[in-house]
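Shared between the two complexes below is subunit A, which has subunit B as its partner in the first and subunit C in the second.
So, the complex of A and B:
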């Protein structure tokens, strides 16, 4: 990896001297000076501005889209719907369940149904409000319980349960028998937006050799290209994706956001097209943190030792999978937390709903699981009359012990030292846990 | 379309604009001063902060017609004689910048503070940047950088 030129002096002597020294980011001064060019800062001659019309309803059959008034708005250069897509109207990070523009059905209120490119943002904005949608509402699936209902309509072709994963260890019945106390609770976490300070944005243009070039705020240009090219019916070498400086991602810019839409408009108009999501667009349309419903049963002996974890984790991935199955599977893998649990049964269930889609977000499912396993620990501590810190110390993974999925810890396992530091700090500052 | 001559960073800029256009859009799209960022366009995030007659304002909710005959200072106007301002240097060197999108707004809020109060306390610094959302850093490194720029002791 290239080393920054302006690093601190510690850098000069050996290859490992970087570790522990504070090294200024190579691009930080440009950012402080305000000269870094994010996508929204760029302009090109003849550039058009784009806007997206979102469906606004969660589940419906599309009977018609009337763009006749929108095209009359002065300055409008293109109004596109699904029929204008030259390639395959499907994409997705893990499975191709998303449409570039909705065709048969609307599956979430954040489905894009039409695109506008115009000379000004104002004209594009005005045009999208003039697009008329003729939608026939379908029963919406708006919760995990709805999605589990066998009579619920299927959002995609094959049912609303996308996948299940399991974690098994030891003998659950034995664990239950050995328990002096069992805590059984249900936890819910909510949908959450990454709220990166820069919204999703792309600038697309045809380069002089006929290569569609898309400068974009993305986490992953190659995976973007793999999804853009088939949708636009271009061979891979006719699409170039340039990763611009990115004003925060946190997982949300892993998925396709503005890239295919900007590319399609540039292809159709043969003009540079800049698509910068408004904050509202960003809140509506991008992946979120998965809401989860977590049913946990956890046992312990009177000395505080955990005996078993028995859990079902249901994740609402919304209308599209994104990386949902992996996020929710990971919640299951982490369901026992950093603790030594001898007997485990954990199932995860990835469910489609008509809610906004969730995907990658900092922590990737681990945080939701922590809400459940740490709440269980607190409850067990309370029931057993052990301090919340001590019950954790009794059960933390230590070198030689294995996680729920069988990974044996070695000397890099720091949880016990971390909890001990907290304990020391609390004692030296006379801090106590209180429980109302 | 009206004609505006705007005093920005000590220079006079001539431009045509609709009176209802925001100062931020005029700065960014017409004058190509893109250092001021658009995080929300509705006065919530602080990334568009500039100084108007020395006071920090949100340029996304200020109409260009409101800034006639007034002095605007943007992040591009801070360096003196080609040298970055100490706030810019400290933010760079003390880890106050990650993605950098909030940075110009934070720097302008901090600059306004130091003009009024050259030796602010940590609380005063935190209060001065309370209207600037940073989604990356967790603020600690920013506060340390601003303390260093002010020459006040860091925690």
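So, the complex of A and C:
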């Protein structure tokens, strides 16, 4: 296998003063010494502590929320429900399908229903347990199969199939005809939490000029501002969002998490309010990694060359879209892997369910797709008696070849170089596959 | 022998940034004070992976300053311009170019003033590590601080900003054909596992991660991403699973939701591959997600290599692997 021309030339090498140098991270020393202040470390005079009451059931009509006992807890300064929201009770990254606080229905077991701000975290915690929910259960949609059932009740007005995307290239029938071996398999991936070391947290206060300031664990302050201002009926230039030092994001903090809730409580109480999720809050609420059902059929000739990929990918985005449609579209665009595949049919389906909602998480749909396409490559290799390394080298994209969406590769196509690096490592360490 | 070893490979490509017509911008302000210290107002969030450090390195390189004189102010709607989110492995790739543009313009302003000070053309000058040199000369003719003080004294502009749009057109709605992303990340990993056929427990013995960084701006930071990415992949492949019971999360504490500990994460061999990407700053591209994607398929393929059984549902928990072994035993397809 010839070395790709651009692998040996590698990066233009400078000489540089700083590029390519492992200078210490600018924030490393403060973190190592424990000096860094995360939101959970921040204090302000008169600061209140906030807690959230979650719905606890996946799908129900809200008949009533009784906060009368909660407001009596000593130290409680505010107990808020949907009716207290001054602006639009809708937000979301791609479509506005999320409620700041649940109003008509609950759609997941982790829908926020009420907020409490109190002098102490203990008082806030006690108050949320005293909020009584009167919920009328609805049939929940709990699986991809349920969501595909056209007779199932709709979670949103749009129906449970939010969107479908299609990848088409070449002639699938021709690809099947040219195949000497075809592997057909169904893969299922699971719901995963981001598990950032720092949980979601915001500190909100009105600054002396009347600007609502929210210091928060976010990945994008400007998009937070875009979503916070309409919900709180503020102009966007009267909302300041500051990223605090944060302990990991992994996609989770792309979405609104604690920002609107902390801001709403600060606006209502005119006091600084700090909302720091407990680990339980973080585990149950906000977005996760999409579970996917992936049905793949992949063909190859006896020489190992791929002939076609024929796949359906179903993604469970839970009750709220977040970036789900983009995640699942990206899974479809990457379904053929880093390989030259002449004939392709891939359909993706983004489905609403009453499970916890999923959104951006490190890999953004490509990880799930890779579980399928790489398992398929391995199965083809074993059926053809070709090593897993060689079947990849035979098919990897190279300058001049095109991705599944027809994007022609030029400079910067490094897949062959990475496979060769693994091959060299195996050879130099005398590592051999057991079964090929 | 109840313990069987196997090797598996996983490869992937990953569209860097947002692709398909989603806004994908970077932007930054930069200014140099009279004493030659520089502040970069960068909208990109650092989540611990090091974009603030990358921003400082790019600014220092392009301005010609010492890195210790660079301060980065990050991600505040009142002081930094909108640089898009830090996600999609895009921050270095997109924001790096925006900072490069801002720093280039500031560098030009400084060299213009220095040219006036020393009666030469600005193209005859360059700056390194806080000093200004005539090109190819060994001794500096001035410090950047002296030049900056001069710019301020003359009322010149000692500030700039840079903006970069990485957005791409959408793919065709019917066929998804088109240039979906400005660029792609590439990675392959090798996993070595040991499967206990009595318990179904899978232990990962080693991971080799070959990840294409284009150009590693900060190799230790790249290694951090590779180590963390592989550890997260081990968690996805074997442990971390949210279990819902009729839609209600039962794994609502770390007692039930298992994450890999240092006992479960093997030695991770970092192989930084550098295939220059002309669209990135100094040839660099994102590696955050490429560093985690191949781990799970590599482990699943290694389990097959060890025991000849393909696990198609994640995660490969001991229960699932043991059950698959039992089923294979019942079919007479498994040799202990």
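Keep this in mind: the second predicted complex is superposed on the first by the 416 of 436 C-alpha atoms of A that agree within 3 Å, B and C clash if a C-alpha of one lies under 4 Å from a C-alpha of the other, contacts with A are read in each partner's own complex, and residues count from 1 in each chain.
The working rule: a residue touches a chain if its C-beta (ideal position, glycine included) is under 8 Å from a C-beta of that chain, and two chains touch if they have at least 3 such contacts.
Quick caveat: nothing in here was measured; it's all calculated off a predicted structure.
*Asks:* Touch test for A:25: subunit B only (first), subunit C only (second), both, or neither?
*Replies:* Both: A:25 reaches subunit B and subunit C.
*Asks:* When the two structures are overlaid on chain A, which partner does A:174 contact: first (subunit B), second (subunit C), both, or neither?
*Replies:* In the superposed model, A:174 contacts neither subunit B nor subunit C.
*Asks:* Identify the partner contact of A:222: answer first if only subunit B is touched, second if only subunit C is, both if each is, neither if none is.
*Replies:* second
*Asks:* Touching A:190, do we find subunit B (first), subunit C (second), both, or neither?
*Replies:* Second partner only.
*Asks:* Quick one: classify A:68 as touching subunit B (first), subunit C (second), both or neither.
*Replies:* A:68 sits against neither subunit B nor subunit C.
*Asks:* With the two structures laid over each other on chain A, which partner does A:248 touch: subunit B (first), subunit C (second), both, or neither?
*Replies:* A:248 contacts both subunit B and subunit C.
*Asks:* A:33 contacts which: subunit B (first), subunit C (second), both, neither?
*Replies:* Only subunit B; A:33 stays clear of subunit C.
*Asks:* So in the superposed three-chain picture, is A:279 touching just subunit B, just subunit C, both, or none of them (first/second/both/neither)?
*Replies:* both
*Asks:* With the two structures laid over each other on chain A, which partner does A:270 touch: subunit B (first), subunit C (second), both, or neither?
*Replies:* Once the two structures are laid over each other on A, A:270 reaches no partner at all.
*Asks:* Residues of subunit A touched: more by subunit B or subunit C?
*Replies:* Looking at subunit A, the partner in contact with more of its residues is C.
*Asks:* Mind sorting out which residues of subunit A both subunit B and subunit C touch, each in its own complex?
*Replies:* The overlap between the subunit B and subunit C interfaces on subunit A comprises residues 22, 24-25, 27, 195-196, 246-250, 279.
*Asks:* Help me check something: in the complex, which residues belonging to subunit A touch subunit B?
*Replies:* Answer in residue numbers: 22, 24-25, 27-38, 40-41, 43, 194-199, 245-250, 278-279.
*Asks:* What does subunit B use to touch subunit A in their complex?
*Replies:* So the residues of subunit B in touch with subunit A come to 28-29, 32, 34-42, 44-45, 47, 74-76, 79, 84, 87-89, 91-95, 97-104, 107, 133-136.
*Asks:* Within the complex, which stretch of subunit A touches subunit C?
*Replies:* Where subunit A meets subunit C, its residues are 4, 6-7, 9-12, 16-27, 56-59, 108-110, 140, 142, 165-169, 185-193, 195-196, 211, 218-223, 225, 239-243, 246-251, 253-254, 279-280, 283-284, 288-289, 326, 329-330, 332-334, 337-338, 346, 354-356, 360, 362-364, 366-367, 370-371, 373-375, 377-379, 382, 388-389, 392, 396-397, 403-407, 411-415, 417-419, 421-422, 425-426, 431-436.
*Asks:* Which of the residues in subunit C end up touching subunit A in this complex?
*Replies:* 4-15, 18-20, 22, 43, 45-48, 50, 52-53, 56-58, 60-61, 64, 67, 72, 74-78, 82, 84-88, 128-129, 171, 174-181, 183-184, 186-190, 192, 208, 210-212, 214-221, 229, 232, 235-236, 240-242, 244, 246-249, 251-254, 257, 259, 269, 271, 273-280, 282-285, 288-289, 292-294, 296-298, 300-301, 304-306, 308, 310, 312-315
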